[in-house]
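Below, chain A partners chain B and then partners chain C, in two separate complexes.
What follows is the complex of A and B.
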């Protein structure tokens, strides 16, 4: 049994302008110690998946398929069970630390609150024990425990992101979902935060789902990689392989968008994709990528292919890829 | 070399009554048709430096000239701002949400009293920036366009004035990965076809590799290494440049040197080489073993020529 499993997950937002299918049939599973990267551009549905796992999406959202945490369907859980599952089974490190932290409460209190709300009832802690735990957590992410009294605005961007990681780890979750945790940070601070995440993941055997648009970061951090486009996974496999020999034309474009310094083919030759990421409320027929695809054939305008076996555990959703996946 | 387009000489920009030196004695020349990437972490002064070029920051010391004319205040400023255009990081914030795309491009033409048939000039500028056919975009408003299209509108508005210099502050940082390459290719094409020069401020070394002729690395208000892109990025000399490159995930086979501590604070510049508190050479004791540790801690230094036009401000390099 997997720690986290998504089975044919569909998520549709209902907006004033009509339904917006953000996630259209995603299957994914994570076991202890797994590191999986979810890559894609804005609007591809990757952050929606993060919200769907912990049932954080607006009430009007239509969700079909299953999200299983430790075998339990999150959408069948009673409120009490859900509260216990949030933060102890799975926790999220959100993007934009400045907006995720409460500006008028010191960081120690915010971590204490998470512990008091979500820690298993059997292990209810005294106020003193909670405070010690907060100190340990801050220490763990490289912030002196004495800073627990500080407010978010008194910390730097990198420190705030570390606080969010400490917050996510407060109840010792088995699954950690990191949604663009380093996007707003400077390169050197980004490297520090990534190194911290990798270290925590290794030491605590966390299952890590890492969501970002930056394929090169994922290749560095994650063992497996899933590339999303228009609400679906269009390619998955081992990170290194997906990055170096992408099978889907979209993964190829995404990999080429981050040039390898020293690679003469990208010197004075920035590579991009014509067109814009698709509007999820108005997807083209057939393969949703065909309008931007250099390899599109007439079949692509009608045939929306699913993931196909591309050998060695690789799968890609493209008519040009191997035999149809059964 | 013919006369440079932009000449920056010993420039200092101060804030807080001289307490903070955001830019601290910087010299840099940019030639016609040249693309220079100015890289560094937040707070290193790179944005302040390009704001000074367009006359938005008073200089405490030194001088900047564009096309041979000194950048100052007063009458020369309007003429300067026609020749020097800016492209910002966040195209959504830089466009007036209540102005149509036509207005966004035409406004600059009117301010600078550009001669010609305005609708034609606007349409040509949009088409040149890849918004084709332009008629499809003229009456639209910023919220109806994608992020990439909005950035193209800003580039069209800037290039409509036929500037000699484009200052681009993180031009692709807020764009989706697949759009990034197209915008960079567009910027580079204006260099190759119209001979415009670009100074691009960025923390993205891949951008420098993609479009820049030269790279200048800034640390705490000063350029610590400058030279041709291939030399600086493939054979970096300054320990700071080496550390920056080592954390770029795309580069393999390079041991990561993650510098400890936060981005440094320009109101408290360390004595000696300003990088020494974070420098791996000093921390490992190698600087002392090789006999220049005291210099690193005590003697401030400026750029020195390494080979040709590759310059580095580092005691280790100066002595080797």
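What follows is the complex of A and C.
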């Protein structure tokens, strides 16, 4: 049984302009020690998946399919059970570290909050033990325990992101969802945060779901990779392979967007992807990518192919996959 | 915090929480002390409070009974015996101002507590729960808001039993709508913040979120509003007493102004209307200054880094 399993997950937001299908049939599973990267452009449904796992999406959102945490369907849980499962089964490192922390409470209190919310009612931890734990957690992410009394605005962006990681670890979750944890950080700090996440993942055997638009970050951090486009996974496989020999034209464009250091041709000729991501409320017919695809054939406008086996445990959703690759 | 490690290990969560509160209160006091204007205002306010408290020690309310003041000179300017002179019935203005401070301060504070209390509860509930609860509470708020304040206060003060409690009630139930609206609008903004989502993700319930995340973020606003509300309450009490709707058996600053009336102004008996008037202005100003300073001290974001 997987720690986290998404089965045919569909998420549709109901807006004033009509329904917007943000996630359209995603299957994903994570086991202990797994690191899975979820890549894609803005608006492809990555963060929606993070919210769907802990049932954090607005009430009006329509969700079908299953989200299984440790075999329990999150959407079948009673409110009390759900609250207990949040943060202990899976925790999220949110994007936007400044806004995820309450500005008027010091960081130590905010980490304590998580511990106290989940302390068993009878044998609640003593205040001293809680504080020691907060100190340990801060220490773990490289922030001196004495800083627990600081307020979020007194810390730098990188430190705040570390606080969020410490907060995510507070209840010893088995699954950690990192939702663009390095966005808005400069490259050096980004590298530190990534190294920290990797180290924690290795030491504690966490299952890590890493969400970002930055493919190079994912190949570095994650063992497996899933590329999303328009609410669907269009390619999945081992991250090194997906990055080096992408099967889906979209993954290829994503991978090509990163210049190779030392390669003159890629430096002089950066490869972008023309066009904009499709509007989720008005998806094109057939393959949603065909309008931007260099390899599109007439069949693409009508045939919306699902994931196909591409050999070596890899799968991609493209008509060219399985046939002779062009 | 200065507790030793042993103490910390033995302490219960509650005692730790209180230790932390004490520490942050001490911190707030240290910051407040640096603000000279606020300290001056606090000094003035304390002066009035002391004055109100010692009134029963230096005099007896019976001193104001006409039978005991028959021998006193009337409308006497300030002299040695009567520091602030006497009124048309020969009563000492100084003593009346002292007794009046009791009523004005007590009514002002009690009415403020009532109106802020109602306003905060209604605002929090409406803002946080939204939907039909919000709609219902806001229509009630609108209803209280559109009714002209003074006529409603006068009607209520007339039909209810005369007394200090009635004045408090009248001020409380006519002044809460603006607080409720203010709190609600702030709650609407705070509840959409990412850390509220984060708290939900932590497994927090509604009460926890309101108490630990929403309320602390609305508190500076409530405090600022309170400091504005105290002056309003004191002025309203003055207004009602001036209109003769106060408790006739009690001396209040508004009542003093009323009894001085136009005769004192025309005749130039300044000692009859200036002391209560200045008292009102000083207290109102002191509250405003202290409130502004408190807001700055209590909101970590307004502190200098």
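Keep in mind that, in the parts below, the second predicted complex is superposed on the first by the 317 of 326 C-alpha atoms of A that agree within 3 Å, B and C clash if a C-alpha of one lies under 4 Å from a C-alpha of the other, contacts with A are read in each partner's own complex, and residues count from 1 in each chain.
Everything below uses one rule, namely that a contact is a pair of C-beta atoms (placed from the backbone, for glycine too) under 8 Å apart; a residue touches a chain by one contact, two chains touch by 3 or more.
Remember, it's a predicted structure, so these values are computed and weren't measured experimentally.
By the touch criterion defined above, A:282 lies against neither chain B nor chain C after alignment on the C-alpha atoms of chain A. Once chain A of one complex is fitted onto chain A of the other, the partner contacts of A:294 are absent, as it touches neither chain B nor chain C.
When the shared chain is aligned, chain C comes close enough to touch A:83, but chain B does not. Touch criterion not met for A:1: it reaches neither chain B nor chain C.
Judged by the touch definition given at the top, the superposed model places A:16 against neither chain B nor chain C. Once the two complexes are overlaid on the shared chain, A:189 sits against chain B while remaining clear of chain C. Of the two partner chains placed around the shared chain by superposition, chain C is the only one that A:113 touches, whereas chain B remains out of contact.
On chain A, the surface touched by chain B in one complex and the surface touched by chain C in the other have no residue in common. Listing the residues of chain C that touch chain A in their complex gives 8-13, 15-17, 193-195, 197-205, 208, 212-213, 216-217, 219, 299-301, 305. Contact residues on chain B toward chain A in their complex (touch as defined above): 41-42, 146-149, 176-185, 188, 203, 205-206, 209-211, 229-230, 233-234, 243-245, 247-251, 256, 258-260, 262-263.
If you check the complex, the residues on chain A that touch chain B are 41-42, 156, 158-159, 186-192, 195, 213-217, 219-220, 250, 253-254, 256-262, 266-274, 276-277, 292. Chain contact summary for the complex, chain A toward chain C: residues 54, 56, 82-88, 91-92, 94, 96, 99-105, 113-114, 116-118, 124, 126-131, 151, 153-154.
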